[in-house]
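Once you scroll down, you'll see the structures, which are given as structure tokens.
Same chain, two partners: chain A is paired with chain B first, then with chain C.
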Partner chain A sequence: MNFPSLGSRDFLKAIRPFAGLFVVLLLFALDGELRSLFFKGSNFKMILTQTVIVAIGAMGMTMVIVSGGIDLSAGSVVALCSVVTARLIEQGHGLAAVLTLAVLTGGLAGLANGGIITTVRMMPFIVTLGMMGIARGISKWLANNQTVNPESCCGADLCRCPGFSMESVSQFMAYEWSPTFFPLPDGVWLALGLAVVMAVVLRSTVFGRYVFAIGSNEDTARLCGIRVNLNKVAIYALAGAFFGLAGVMQFSRLTQGDPSVAIGLELQIIAAVVIGGASLSGGAGSIPGSVIGAFMMACLANGSGIKDWPNYMQEIIIGVVIILAVGMDKVEPFIQRLFKRPSSPN
Partner chain B sequence: MKSWLLGAACAALVFVSGCGSQSGDSSGNGLSLVVIPKGTTHEFWKSIHAGAIKAKQELEAAGQPVKIIWKGPLKEDDRDEQIKVVENFIARGVDGIVLAPLDDKALVRPVETAGKADISVVIIDSGLQTDNYASFVATDNTLGGRMGGAHLGKLLGGKGSVLLLRYAVGSASTTKREQGFLDEMKENFPGIKVLSSDQYAGATRDLAYTASQNLLSRYGNEVNGIFCPNESVTVSMTKAVRDIGKAGGMVKIIGFDTSVQSLRDLKSGDVAGLVVQNPVKMGYLGVMTLVENLGGKAVDKRIDTGVALITSENMSEPDMQELLNPPLEKYLGTGN
Partner chain C sequence: MPEDSSSNAALPRLRIDRVAKHFGPTIALDGVSLEVAAGEVHALIGENGAGKSTLMKVLSGAHRADTGSLTLDGQPYEPSDPLHARNSGVAMIYQELNLAPDLSVEENILLGREPATLGWINHSERRRLAKCALEEIGQPQMPLDTPIGALTIAQQQLVEIARALVGEPRVLIMDEPTSSLTQVDTENLFGVIERMSQRGVSVIYISHFLEECQRVASRYTVLRDGQSVGTGAMAEASLEQIIQLMVGREIDEIYSRTSRSAGEPALELSDVAGLPKPSCVNLTLHAGEIVGLFGLVGAGRTETLRSVFGLDRLARGSVTVFSREVTHSTPAKRLANGVGLLSENRKEEGLLLNRSVADNLTLTRLGPVSQLGFVRDAAQAAASEKWMAKLDVKASGAAQPVSELSGGNQQKIALARLLHHDARILLLDEPTRGIDVGSKAQIYRLMNELAGQGKAIVFVSSYLPELLGVCDHIGVMCRGELSEVRPVADWSEQEIILTAVGQAEPKEVAA
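Up next, the complex of A and B:
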């Protein structure tokens, strides 16, 4: 796809999440208390760390939503993979094995989603709603209904054994307080790197264009010779892998596998993707937009915290932002007409 | 351009909507402390809040201005949310934190991070698996369990059969109460038989009710006394006992914590006694200890806030009344 030219409608749409974020930051800067407390390196570092899980989940979800689907199992899969991570560490697997297997678990859940959606031809909403229960149930089963706590130091000797991965996994999201922005936790770098890779994949590869084609019009895509089912399965599996990685990050953040974690996370992820300009009817959306959407929600939450706004206010604000972000689509043509009217009579 | 304008309008709206509720006070030269409960809706946490405000008022009267920020996790019982709250206040640079950790493990790292940022932390209510805090101010739950056991043993005259319905797997405070109860039975009441002590009720009242019914359908005919380790189990078990027509003192029930319903049951005689904690004192001592620690004074690593046994006989005494109906309005104002 060619890049939209400056000033065109597509361009405006593409920069909308950035503009939204900019406006939020600008308003924060107008407030004295926020200016001094919000705009600090250490604070931004923290917001970024808090964004990682939603952002990684949003990358997977963006693909699914752009292809015209939805994945409600994201939160449960994150919980499942955080428990799997904990169990694997407990069994003494190395970092590489833990990461691979946890991500694969997520991929497997996604594969099941995609497989059922395409072969049985069921609505993604229903299938992933079912998977939401299944994955949550399995994670509670695996965890024996408790949290799984791998020892952070299994005896003085074992602690030094290179295969023991608790320390390295829990280091991903270790928010170390420092007055400066750097050093950032590894999880943040990983998320940024993945965002760049996925943005390129979705924009400039054949697979990425297929995702858009399927989401825009599935029948046309099929008539054009795109193997819709195969691609759909790949999309859900890949998204599942992202939720798996988010699960590893969730483990790292809690330093424990918690089967009841991330309840409702899928809705936060969907909100981030939607704020980022995706359309739930498919065919539109971008990775940078979704990541910015996730970051914006974290900023709003952080800002509300600093301002001592009560929790309910925070929930209301984020709700309003979601509706406004999506409502923009409908309002914009209307406003454009209003602006054009004075100049059009001649 | 238009989209930008719209964006501005939307954010302005958001901003204005938020501004309405802002308190507008800035931290002057006093200490700014944050109290982080596990949740904000429960009566128990309101009492903790009242205790914290009580401490603030006394400190201010003594010439030590403090600002108390009260902030619970957005979603209750969500460890990740509570971590976020702690982190946000670390980044904000408060002087000290009073924290009731949702999990004894997951909150370790944020508390250690606070230590590195030179922020004093006092843990209240539930334990934490680290030593990096100034003090742990909480109920002695084992003692509470023993107290309940002793009262039940006395009521039964040292003989008969009792049941223990545990609360939930992995809950540290209730496990200690259950252990205290069982220890007391074993050591001081060898004539009492414990029929069952390995069943768990689960986290909600509904689950607890089902578990109680199941337990009573098996042991309902032989049981003389029941110990319930928390509020939801107490209320549900009492209801189940009432269902089988053994309420009103035929089966002696000892509960833990209070609620409107369990107090009603205590008054009507369905519940023989309730072991109660002192959350106002917990909030009060949490803040006081933190301020002492910030002032450079040595504080005890473990501070007990006490438990009391309430029965239908002593529940109208003024001491007990203060525990049962803490003067929340006095500290929190009528709006809360």
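Up next, the complex of A and C:
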């Protein structure tokens, strides 16, 4: 047993994603080309818009990962829900109905994940790997294996024609170039609002404490009378709902339901959560961290784009950042020991 | 540094000289010395927590001694890791078996020492070596191709001994080898030990069954509180002398018991059985009473508590809590009825190690510190600090992660959770395991105080003196069955131990 000094460590861990982002921005500021093109209101607006889908997905994934699980079906569920959104618009449903049903679709996929994981006692990795295939398959089936393009109405006024909610749904992610940061697309505000709500839920509610308790030590949680299975089902279902919402945003961004979209998105989402300080063994992680993680990845992609670096460079850079972010966990105690030699309370 | 031992002919095989080891604030070994000659079977005796396991871990290279020296056949011996120890000729057979259950007997025996050229295993040579090893322990009939998982525990243990022999060990350490063996298998094992001793292998035999030690060993060393307090020839020592050395402490100083009277029945267990343990438990626990459960590892004490608490399924029997029969239950419901369980395994089950003291302490009852589902940090911290002060927990604050506390303080947090929950029936499984003496005394005092307030306590322990010092009644478990629960005064130490090893019948007539 060793007794590392405490107090500053929790704080350090909490601000690490922010510090990482700061370092990235600092590096960008050193480069003349990036300095002039990257640090602009209009550019940040674009980055934020590009962050929305991963960020909303990361909110659900954070809960799952903090509880000690994993959800590999996120990308497929996003695709499924984007197709569902397109089909619902085609059938002439209003905005509220489209949103509700698409989010519910994601929630059902999550409910199935959580249900199987807890009742059959299977590894989350395997169950959600299966769901990844199932959701992808259903979305292709639903879309007849091609993109679904609901037709927009003339747009003059809200005539009751099929597809009348197209405008309002695509409004979420509509990016309009302006020299200024504001106005931001609705999707960005929605993501920010949800991030605040989810941060409070995970940090300060009884449910949030249970999520951490289950991820920290499932046996202890059970010993303490927490209904572990019930909570897990709720966690996966809620995460699924977030992936559903991300699916709506995905539709809004492309203005079409594409069953082959978001392949590999789950890994981007997991990367954002992990960069944000979550531990894949559960019990640690935060919503602000994950959202910053998503934002940082979008910044890196954007910066590489400005530098006109090829795609593979971006991939290499983001890969390095993931390893660095998690590696800090191991390196930090070592660095701390270098600076503080003699400290050992009680 | 080599010791300047007067190198006469009788150079000891292994010499341990004033070895000390501490973990944080806990002193596990405090100057242990012992010598083992070649071919000698040396019994290492001591109660749980006396430092036997730590000493063995130092010998096998799992831990490093802080001070003191080890000498093997006159050469300084400083094992850096278990592999180094094994290559130096010190083999260890742990209490829990270390075999790969899916591999065959032959593969397990040569695991890590496969005869090979350029990475290709020489199968016929491996088979020959495995056969040799099994013959040496007198088990040539053991099937070589059976997976380990299909063997009985006793057979697995023999395989482990065979594996230890492959390395031509000079010293073989056996930690409680008979704890899960039947009488016949135990006899068999003694035969193997004798055979090895004749071949010149030194055996260090760890057990708290004194009769076994007398039977198999020629010399003994007694450990108590991390020190070697006595050593000598087995034939010249009586059981009483050895027990005196093992216990040898002022019991009254540590244990406190104020007079109290038992109230209403709080918990009644009638013919309770689980899957597969316990097999039959009858117990009535009254308010304001501490009932101790003694037994060997694997006797079914933990399983009894777990199935009563709703963590494991009950096979039959009935459980009555405060005069209401609620046999089948869940931990959530038991907690709601005022029953709390302290796990014997605070690191693996008892605590959320990476979470704060406050979270750990209030987890079962967040209600009083939250509002509309929102946990109020200030209220949570205040509630936690109240209990931390009461139990004298040394921590930097309610926000400190539990992993950074010492064992004793961790245990106090786990106990404080039951107090915060206001549990009226406390099922305490080994509450003093692996913690320092000071914390132990505090926990005894607390238990005494709680019983005085009318709480009902089941106290499971493998450490007899503490049960005798703290409890009102004691029951002994053996192979899943609970003996008659009698007042402490009606038991003798000898009788309790004999009941625990399942040999009380002939003695009981005399008692």
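Here is the rule we go by: the second predicted complex is superposed on the first by the 322 of 346 C-alpha atoms of A that agree within 3 Å, B and C clash if a C-alpha of one lies under 4 Å from a C-alpha of the other, contacts with A are read in each partner's own complex, and residues count from 1 in each chain.
Methods note: contacts are C-beta pairs under 8 Å (C-beta built on N, C-alpha and C of every residue); 3 or more make two chains touch, one makes a residue touch a chain.
Since the model is a prediction, treat every value here as computed from it, not as a measurement.
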{"item": "Partner chain in contact with A:Ile335 - chain B first, chain C second, else both or neither", "value": "first"}
{"item": "Chain C versus chain B, contacts on chain A by residue", "value": "B"}
{"item": "Touched partner set for A:Gln171, first chain B, second chain C, both or neither", "value": "neither"}
{"item": "Touching partner for A:Glu315 - first (chain B), second (chain C), both, neither", "value": "first"}
{"item": "Partner chain(s) touched by A:Ser204 [first = chain B, second = chain C, both, neither]", "value": "second"}
{"item": "Touching partner for A:Ala284 - first (chain B), second (chain C), both, neither", "value": "second"}
{"item": "Which of chain B and chain C A:Thr100 touches, first, second, both or neither", "value": "neither"}
{"item": "Touched partner set for A:Thr220, first chain B, second chain C, both or neither", "value": "second"}
{"item": "Which of chain B and chain C A:Gln250 touches, first, second, both or neither", "value": "first"}
{"item": "On chain A, positions contacted by chain B and by chain C", "value": "none"}
{"item": "Residue numbers on chain C that touch chain A, as the complex places them", "value": "23-26, 311, 330-332, 334-336, 341, 343, 348-355, 359, 363-364, 366, 370, 373-375, 377, 394-396, 399-401, 404, 406-407, 409, 417"}
{"item": "Partner chain B, residues of chain A touching it in the complex", "value": "12-13, 15-16, 19-20, 22-24, 26-27, 33, 37, 40, 42-43, 46, 49-50, 144-147, 149, 170, 174-177, 250, 253-256, 258, 260-264, 300-302, 304-311, 313-317, 320-321, 324-325, 328, 331-332, 335-336, 339"}
{"item": "Chain A partner contacts - residues on chain B that touch it in the complex", "value": "1-4, 6-8, 10-15, 17-18, 21-23, 26, 40, 69, 71-72, 74-75, 77-80, 83-85, 87-93, 103, 105-106, 108-110, 113-114, 116-117, 169-170"}
{"item": "Touch list for chain A against partner chain C, complex", "value": "1-4, 6-7, 10, 200, 204-209, 212-213, 216-217, 219-227, 283-284, 345-346"}
